[in-house]
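For clarity, chains are labelled A, B and C in written order, and residue numbers in each chain start from 1.
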Amino acid sequence: MAWLVLFFMVPIWYLLRTALSTSDPSGNTSLVWRWANFSDSWSAYHSQYLRSFWYALLCTIFCIAIGYPLAYAIAFRGGRFKTLLLGLVVVPFFTSYLVRTLAWKTILQDDGPLVRVMRDLHLLGGQGRLLSTSWAVIGGLTYNFLPFMILPIYVSLEKIDPKLIEAGKDLYSNSFQSFRKIVLPLSLPGIFAGSLLTFIPAAGDFVNSALLGSTNTRMIGNVVEGNFLETLDYPSAAAISFVLMAIILVLVTIYTRALGTEELTV
Amino acid sequence: MTDQPRRRSNAAPLDRRDFLRRAGLLGGAVVVGGPAFLAACGGSGIKAKSSQTTGAHALTSGCPLPAQKADKTLAISNWPLYIDKKTVADFQTASGIATTYKEDFNDNEEYYAKVRPILSTCKGIGKDIIVPTDWMAARMIGLGWAAKIDPAKVPNRKNLLASLQHPGFDTDRSFTMPWQSGMTGLAYNKKAFADLGIPAPRSFKDLLNPKLKGKITFLTEMRDCVGLWMLAMGKDPSKATFADAQPAFDQIKSAAKSGQVRRFTGNDYADDLSNGNVIAAMAWSGDVVQLHQNNPNLEFVVPDEGGMLFSDNMMILATSEHVADAEAWIDYVYDPKNAARITAEVQYISPVQGVAEELAKIDAKLAVNPLIFPPAEVQKRLHIFVGLSPTVEKQFNTAFEQILNG
Amino acid sequence: MPQPDDVVIALERVSKNYGAFMAVDEVNFTITRGEFFSMLGPSGCGKTTTLRMIAGFETPSAGVIGLEGVDVSRVPPYKRNVNTVFQQYALFPHMTVWDNIAFGPRSKKVAAADVRRQVDEIIEVVRLGDFAKRKPTQLSGGQQQRVALARALVNYPSALLLDEPLGALDLKLRQAMQIELKRIQREVGITFIFVTHDQEEALTLSDRIAVMNEGRVEQIGTPEEIYHHPQSVFVAGFIGQANLWPTRVDAVADGRAEVRIGDTPVAGSLDGLSLQPGDLATFMVRPERVRVTVAAPDATGASMPCKVIDYVFQGPVVRFALQSPDGTEVAAFVGADEQLPLLRPGDDVWASWDRDASRVLAAASPIPRPNAHDPLPDSRGVQ
């Protein structure tokens, strides 16, 4: 309880205070209970909010699309390499987030082999590049948050008794049907946890957009950063953070209801 | 990361805060060139207390100098990669002053935010000299954080370039001495332009050629980006108002929206330039000296319409207990011999008269490099951004941030 | 011999090896419609692997598995009309009892109305009507067992495969479920193939039993045949209890062989085994066939003088441990109603048995006696 107060309530209180203040150009703030900061932050930056949620959603979907088969392969086909494979999933965390993202700048660079091949295959649109496009930002987000998807899905798959899959096949379901009717529903808690662990930080991320994107891919995190560091507009930055938290809370609540996770925790 | 531009933090390579801010060297009010510049510097803005709109030098509230110590020690905060390896050691030997030189001044605003709570109560931060950029120096002098430099203790002061002697924020250099200066202009890859069959750019307007779509970058530093575009739009950034800047904002915005400009950068434009992601960029002269050595196709040009100029300035803090030691340091680095050694390493514009001659003895090629010793013709075309009152500065910053937010 | 039409499952020279390890070695048997067929043997004998090959979870390394006259050796499990009751039931934890049972019909794309009818019907057969909406975790072990049965039976498979289905239940529940299983099998009339290591369970439930050891079928027969006419030392020792003496054939006549225990000549039925004088052999008498008397018995069967080593009164049965003439130990279970004098260790007694109680088997070494130290069959605990 004391921890909660110390590490959650106190910072939230300071953030809220700041969000309700006004500031002068040198960054001095005074608390004037300016609730309009919240509505202002939406009206001024709604396109960045929406872009952030759109990117985060795509990132989450891509993470599921890539992470689920990987987690499945590790859980059911990993055999004695399971630990090694899981280790490989986690290994990138030993490098700094920034450095890993920066490495993608090199991989995706305009004259790099990847872009050249894609260009030759006419896979790239008019701009003929990946860097500084939405796809680079979404790709960076997907790459950076993928382990947060793989690990919870792996845990939920690992808990499934292989006999259940045999039972499914025994009861006239082929591999795909058994997967759909048994494995998938039983791994939903993992997908759910992974989605939250991916979507929430992705929606607030600014590093990928700053390094891999352009002004046309600015996310809400970049706005917070800019308001905090460039224009010294602390109240606006705090208000944006608050609105972001509130929207995420609402989205997560809807998501939880929709998936009915209480039902899933068998 | 093949190149190591001089002024980049070598710590966390890509924290945008680092490179952005490092880039924050923009013109407050300094002059390299002739008297025309000095005139421009009149309205140097100062951010003082919140209610104050401008105002020049509210020194009445300055901190009283503490009792001085005689233990011959000195602590300096400077930008990363902004000095050679020998100077500090040589100074210690020559003066007997134990000197702690830290490369922890990464970012004007960040440094300001960090020290403000302490310095505003006139308590020391354990530093004697810091090196803020012009506009930040202006703010700090206004807050009374700077100690007066005794001209008698700094005889080499006479070597300060005439053009830098009377900036608007410190008209007789009572509180600051320039460390290095630099130009902001246009860097481009001449081979890439030849390959595209278009002439090398002479103006930022040349960068709006559709063939260059997605192949150029601008700087995230507001004073540089807006200043250069004001020049391109025929406005003088050294005297302009927010209204004057509007066409520049519009032009930058449309270039950003349309994707003509690939992205806005700090020092990291250097990576984009050297690995071919872009072929032209808003750039700082000191970086390009380096880039050119690695890739001779990369050139720096001060656009026909003009470029921007900035300086970073040594400032003795009013809380220093070693003002005399600090003055000894300033005097030491204003000896052209020592200054030349620093210039040879950092390759920015030295504020010290006579460096060219000394540098010729070390590196003849550098001594004639027009990016380090801009000819008078170039100096004439360099501008310093108008001093902004806090309110107007916020107007500018907000408008620019909106463009960056896409 | 069963008519071909009645054969549901036929295994012909079916083998399964994992590398050099022969899990199942040339197994042959046929199972007829409606039969309750058990595979019995110690763990690792290949009975579960054989069952899994019938279910389709394993593919035979060699041989043919016929189901209703069709070779299904390489048909995947979901295309075989057999269903399995798993050892730990493997119920789907995210589905209700009703949905668990409906899983098979739904997979087969049975019309919804028929699914409902079939499930409701079978749910009554296993007496789980009141639990239809529960999740498996909310049920007791016995109830889960019945869900597993219903889930398989609802598909009316050609054969129901049960892999140690009672192993997870405690003794009392297991005995109740044995009766229940038998009732359900009679009610639905489906062929059951039952894998167990519990000989008493196999004897209780089965129409026929295949006793397996080290990947091979040792003997197939009705419980009575297996018990009274074991064809090998392994079967004799594994099913029930047996007094076994390694010995040598002295003479053969009229389907019987003469051997000696120590110096005492005894004879036993060969049950069709072809042993010659001089062959190594094993003489067997079940303990409950051994009579214990103080006076020398009349001469209708075999008899030998023994000494009492131990004497345990267990209510319905008195258990003796006797020392035979050659020094080996002989077990004898005697009905308590017999008028026995009070015997003490060291007393001289006669052990005797009827002419038809003794067998002479081919020698096996080492002689497995897995049950030699078990208590009475009725009170056996979980193995």
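Note that in this section a residue touches a chain if its C-beta (ideal position, glycine included) is under 8 Å from a C-beta of that chain, and two chains touch if they have at least 3 such contacts.
None of the values given here were measured: they were computed from a predicted structure.
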{"item": "Category of the chain touch graph - line, ring, star, complete, other", "value": "line"}
{"item": "More contacts between chains, A-B or A-C", "value": "A-B"}
{"item": "Between subunit B and subunit C, centroid-to-centroid distance (C-alpha), Å", "value": "93"}
{"item": "Gap in Å, rounded to a whole number, between the CA centres of subunit C and subunit A", "value": "58"}
{"item": "Centre-of-Cα separation between subunit B and subunit A, whole angstrom", "value": "37"}
{"item": "In the complex with subunit A, residue positions of subunit C that touch it", "value": "55-57, 76-79, 82-84, 86, 88, 90-94, 103-104, 107-108, 135, 137, 151-152, 155"}
{"item": "Residue ranges of subunit A in contact with subunit C within the complex", "value": "161, 163-164, 166-174, 177, 181-182, 185-186, 264, 266"}
{"item": "Of all residues in subunit B, those that touch subunit A in their complex", "value": "1, 12-17, 20-21, 47-51, 109-110, 113, 139, 213-214, 222, 256-257, 259, 261-264, 271, 275-277, 390-391, 393-394, 397-398, 400-401, 403-406"}
{"item": "Contact footprint of subunit B on subunit A as seen in their complex", "value": "24-28, 45, 47-48, 96, 98-99, 101-102, 105-106, 109-111, 127-129, 131-132, 207, 210-211, 213-218, 222-223, 225-227, 229-233"}
